[in-house]
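Got a structure for you, written out below as structure tokens; questions coming shortly.
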Amino acid sequence: MGMIGGGRNAFIGGVHRIAANMDGLIELVCGALSQDPENAKASGRDLFLNEERIYTSYTDMIEKERGLPEDVRMDFVSIVTPNHAHFAPAMAALENGFHVVIDKPIAFTLDEAKQLQQKVSETGLLLCLTHTYSGYPMVKQAREMFKNDVFGKIRKVYVEYPQGWLSKLSEKEGNAQASWRTDPSRSGKSGCMGDIGTHAAHLAEFISGLKITKLCADLSIMVEGRALDDDGNVLLRFDNGATGILVASQVAAGEENALTIRVYGEKGGIEWAQQEPNTLLVKWLDAPTQVYRAGANYQHLYPVASQNCRTPGGHPEGYLEAFANIYRNFALALTSRNDGTEAGNNAFEFPGAAEGVRGMAFIDTVVASSAAEQKWTDFVV
Amino acid sequence: MGMIGGGRNAFIGGVHRIAANMDGLIELVCGALSQDPENAKASGRDLFLNEERIYTSYTDMIEKERGLPEDVRMDFVSIVTPNHAHFAPAMAALENGFHVVIDKPIAFTLDEAKQLQQKVSETGLLLCLTHTYSGYPMVKQAREMFKNDVFGKIRKVYVEYPQGWLSKLSEKEGNAQASWRTDPSRSGKSGCMGDIGTHAAHLAEFISGLKITKLCADLSIMVEGRALDDDGNVLLRFDNGATGILVASQVAAGEENALTIRVYGEKGGIEWAQQEPNTLLVKWLDAPTQVYRAGANYQHLYPVASQNCRTPGGHPEGYLEAFANIYRNFALALTSRNDGTEAGNNAFEFPGAAEGVRGMAFIDTVVASSAAEQKWTDFVV
Amino acid sequence: MGMIGGGRNAFIGGVHRIAANMDGLIELVCGALSQDPENAKASGRDLFLNEERIYTSYTDMIEKERGLPEDVRMDFVSIVTPNHAHFAPAMAALENGFHVVIDKPIAFTLDEAKQLQQKVSETGLLLCLTHTYSGYPMVKQAREMFKNDVFGKIRKVYVEYPQGWLSKLSEKEGNAQASWRTDPSRSGKSGCMGDIGTHAAHLAEFISGLKITKLCADLSIMVEGRALDDDGNVLLRFDNGATGILVASQVAAGEENALTIRVYGEKGGIEWAQQEPNTLLVKWLDAPTQVYRAGANYQHLYPVASQNCRTPGGHPEGYLEAFANIYRNFALALTSRNDGTEAGNNAFEFPGAAEGVRGMAFIDTVVASSAAEQKWTDFVV
Amino acid sequence: MGMIGGGRNAFIGGVHRIAANMDGLIELVCGALSQDPENAKASGRDLFLNEERIYTSYTDMIEKERGLPEDVRMDFVSIVTPNHAHFAPAMAALENGFHVVIDKPIAFTLDEAKQLQQKVSETGLLLCLTHTYSGYPMVKQAREMFKNDVFGKIRKVYVEYPQGWLSKLSEKEGNAQASWRTDPSRSGKSGCMGDIGTHAAHLAEFISGLKITKLCADLSIMVEGRALDDDGNVLLRFDNGATGILVASQVAAGEENALTIRVYGEKGGIEWAQQEPNTLLVKWLDAPTQVYRAGANYQHLYPVASQNCRTPGGHPEGYLEAFANIYRNFALALTSRNDGTEAGNNAFEFPGAAEGVRGMAFIDTVVASSAAEQKWTDFVV
């Protein structure tokens, strides 16, 4: 793996490295860790990289690595830069035969996303989009339950993602994360919805197996002086007729990262909360709620849930393990592809370009809807 | 107290009686407990009523009681009939000098509600509307915190009220509660929103101290064959610029009565869940969440919260006590009025005609909005 | 009902009155509410008692009431005095033909308890001991599950009752409750174990259906200057070979009334916490934990659980309703006895003299064990 | 790092590898992964080890590695074998100049533990004992709070560790973990207390800063046919006069790994549960309970808590991160030692030989106490 972005003071790059390290399947062999050459070098040394594989630009990295022997050069790049700097390195990597992992959202615009999807399709290379929350075993369990029609027709989806960390104008107080995420030139046309609303939308579609067909959005800038939405409420309609609510906020003071989803069918439904991710509540119309637990050894868990755990029940796994599941599944899929064996089951599942395109379309649609007079705006890709 | 409705097989009448009994301040002295004379009589005997004060119509009861000596006759009526039968007895009681307690919603239409409000104003009699959830001590605590501006300007209100009990077409299977609540001729123009959405809307305004100014509703009938909405999602805007979400459902299979509210201000906010009502979570932007508990003896509780508890912390009080608080506060206010003393503080607080009018206006507005093409519909009374 | 004790400034008397009022089955008709005649009279007027039935001593009350016509006089006394003043009025009531309700513990000494048990047996009158926690519907559900051998042989019982309210020397700071409860001349030979340890021991035996056969106690006085134990830990052995732990503390600073019990059998077990009493966790060796809920309408609840609820699931009932269940069951049993019909099922269940005797024996045994050198002390009645 | 044990089918070896991998500070360079040469080789290849550094015995590994250049050879061994095979490789490693990490308990007997402690002292090498639970950030926070006397004198410690996985005679049904853990020749003189009771005892002392001085144990074999205790209850006394309870069970059917601790001082206390490890409840006598959260950015967290987190609040970290904290702190301490710099603060903290000796003494003492007639047995090292 070669990393693009993620130098000192970055946040998500470190997370990607831990996730890639965890299972001993992936080795960080090179990096273009910062646009700032000094930072790039210092960061590379921090990570014990070989001095000649600490690059100061991604173009340099891709070119040099391409020239190395196959068993030495990186297999894929991991792109952990701000949103405006996803497309160019991803396209360059794909054009030069490298697989790609990208932190979400996939790109800066829907058009870029579609170009990447097209390129992936042309090259047959793998593109993995780190919608972390889909890596949790209990999320996979929930998805399987709906796939297997355990609850009857889905009627209602609630998904909410409240955070409080942008309750003040932190982008003006030296907070680097706040700075780029609230800046239209680096983050894109939406702040809160692009950053976390896309996670919520992806999770809703991932678990329910439904597609959003139209929506009605009310985005707000709650903190004076901010340039992008920091709060939003969205009514949803799905392709089977189900209704939904998606709420995302970065000004819900006192909340951490409280992504929660509930999906109700005719006979029951599920509730999952990211902050206690090893529990899946399974609710029934005519019977007591059940508490499904990750890592448990009972027959109620689908194999895909168990395969994405590392420890027995009661040994809590968390965000980093969910992230590592994305990487592990990507690595296993890559190995399987390189070995010429087919990845046989959805234990190797990870989000890709199609999900990336839907994420960008979601951003476009909520922004358009929020500005519109009419109630419903169609969600089209 | 004389009760109208609430005979055998009714639900809410029994709750009203328990609530009225609990503190030993109110005595049930007569009743017109059913339109069916047999049921009326049997029900009256069940309740140990004096045979001659078991009436078979409310008109009869009001007339006869009016003729009794002041220290014998009922002081007020409690109306616990289905929605379409609230207005007439309430108006008759007021016109004959009796105070009134009415189960919510106050009436069948907004116009009826306004007439009652007008009559209350003319007569100076008391009208109490049993928006139960406002009777919980931790709800009162939350309201006081916002009144005292503990959290800064409110930015966001989430209120949700999921139930699952109408997940099937129970109104066709002999469920009496389901039958009238889904029948437009007895329930009114909305089902779910009239039944529980009004509670949610009242709670949001009660705690936040804000008023809804416009909304965008998406009501649905999820169960085929049903005549009224059984599910709805609503975007809200409040008079201070805050946004909100109100969700109510009676087809959230597996949910009981999961009314929950969260209100966020600039510095923090609150979360309260009706099913664990003795806890109020108080969240802070820069400090650990605090768990306020009903009945606790620390200085963090406002007097109004403590005055609405009967036991020390750790002795859970619930729905019936909240209901009893409405009755107790009404009884104390009545005594205070009769004694010529002014009810000195909001320990005697209970919802009244104004809240009833807003509730009916809420129903009208969500129904209109749901049918509209445009996003926003003004909430006007 | 005639009440002995429970005047102004008392705690538990008010709880008894609410419990007795709640269901409209019991009327407070007289009282000897305080030893202080002024307090007795003022308290009686607070409660709207008929002036001539406000007594200033229980002997006077019993004598006068006995002389009243059968349909006027009280049916039973409710004794809510401190522990040292339970025996004499209870014995006097029984000797004069009145049934008795007593707040626990039944008496001041084991010998008194046995005398009361003997007198009950001789007279055939009813004696009800208000071990409140056995009145909760989910406690009754748990008991039924063990009665029906749902979990196989019981292996382990944990019961704990931590409170924090005696963390300071409050008895020297004017706290009336603390004053008598820590005073050997009014409370008995144990403080914490007598006050709340007895509740825990009763609950353990009530739910499990087992009997404690020996124990090993470590009682402490944690607050300097206190005269009775305020903390204790006890190892238990039960008659089927199960082991157990009983912990009670009144110096667990920050705890309210956190009575919790867990009982494990071969195939699973239960967990119940008094502060969230409407939930019973049902755990399984090979399946997800289930969340049983009071008032739910599924078939998993035994009738006795449903019969002790007043509202549907999601309308939380609490401590006062549990207390009221004791009174209601007592009242129904009394009616059934008076009507000559047999109380047909355990919906009418309430603790009585036998439980009172075991409670006093528990106190004797823990105190003896705590002073002993040897590990085990037999629990004998 | 060279690993001893942890081949295919082992449990804890994989956990150690993930923990060591996670932060990119430690590289697995060699292993003697199984006594079975075939398994050793296959396991080494699974882990991408260099073929010539896949050893088939630890003695071979230590000898060969010792001969490699300093910058190539392993720095330390990680011993993840069953308990009876801890001492010999640990002693061999120390004698040959290698630092040591050992899964707990440190050895098979107290005497072995003392020999290791002595050898560590002589050689000045580092020995790290993986008492995982002390690696959690909220455990470290709790410890710091008591160190800083936030709650006044400690009065009571509850620690409990219920599991249910040995509810059946699994050791006879081919469960490899059950097999060695219930076998006196591999596990030691205690089963449940050695396996998990030692964790509980360590956690109690680690957080409270107190030492157990005497105890009274009641160990049981609940599953017929088992050779070692699978359940135990212990009364504790601490060196400051505090009392305590320690409960450990492997037959609490339905429990996973529910280690929980509560410590109460004069002014308040803490509660921490391993299954939701990112939350620390901080309770107060006179104020609302606070919910401290790992990764939060408020000033209420001590630096040692923050330094042992990898992500911001709301991104749950778990068991593997706690384990990784032990390894990271060990690695940082090793680097610091090698660089000649002093480890400046307790961010580098990890349990060592002294804790190992106390753990073995705990096992000896509970076993002796359980067999004794007298109540108290002194805890001496």
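Letters A, B, C and D mark the chains as written, and numbering starts fresh at 1 in each.
Note that a residue touches a chain if its C-beta (ideal position, glycine included) is under 8 Å from a C-beta of that chain, and two chains touch if they have at least 3 such contacts.
All figures in this text were calculated on a predicted structure; none of them were measured in a lab.
The chain with its Cα centroid farthest from the Cα centroid of subunit B is D. More C-beta pairs touch across one of A-B and B-D than the other; that pair is A-B. Remark: subunit A and subunit D have CA centroids separated by 34 Å (rounded to whole angstrom).
Chain centres here are Cα averages; for subunit A and subunit B they lie 43 Å apart.
In terms of their C-alpha centroids, the spacing between subunit B and subunit D amounts to 55 Å.
Multi-chain contact residues, meaning those touching two or more other chains, occur in subunit B at positions 255, 284, 289, 293, 296.
Considering their complex, residues 11, 14-15, 17-18, 21-24, 28, 47-48, 163, 165, 255-258, 274-278, 293, 295-296, 310-321 of subunit C touch subunit B. Of all the residues in subunit C, the ones that touch subunit D in their complex are 151, 155-156, 158, 160, 162, 164, 167-168, 216, 218, 220, 222, 231, 233, 235, 237, 243-245, 247, 249, 251-255, 262, 264-269, 283-285, 289, 372-375.
Per the touch definition, subunit C reaches subunit A in the complex via residues 282, 284, 286-293, 296-300.
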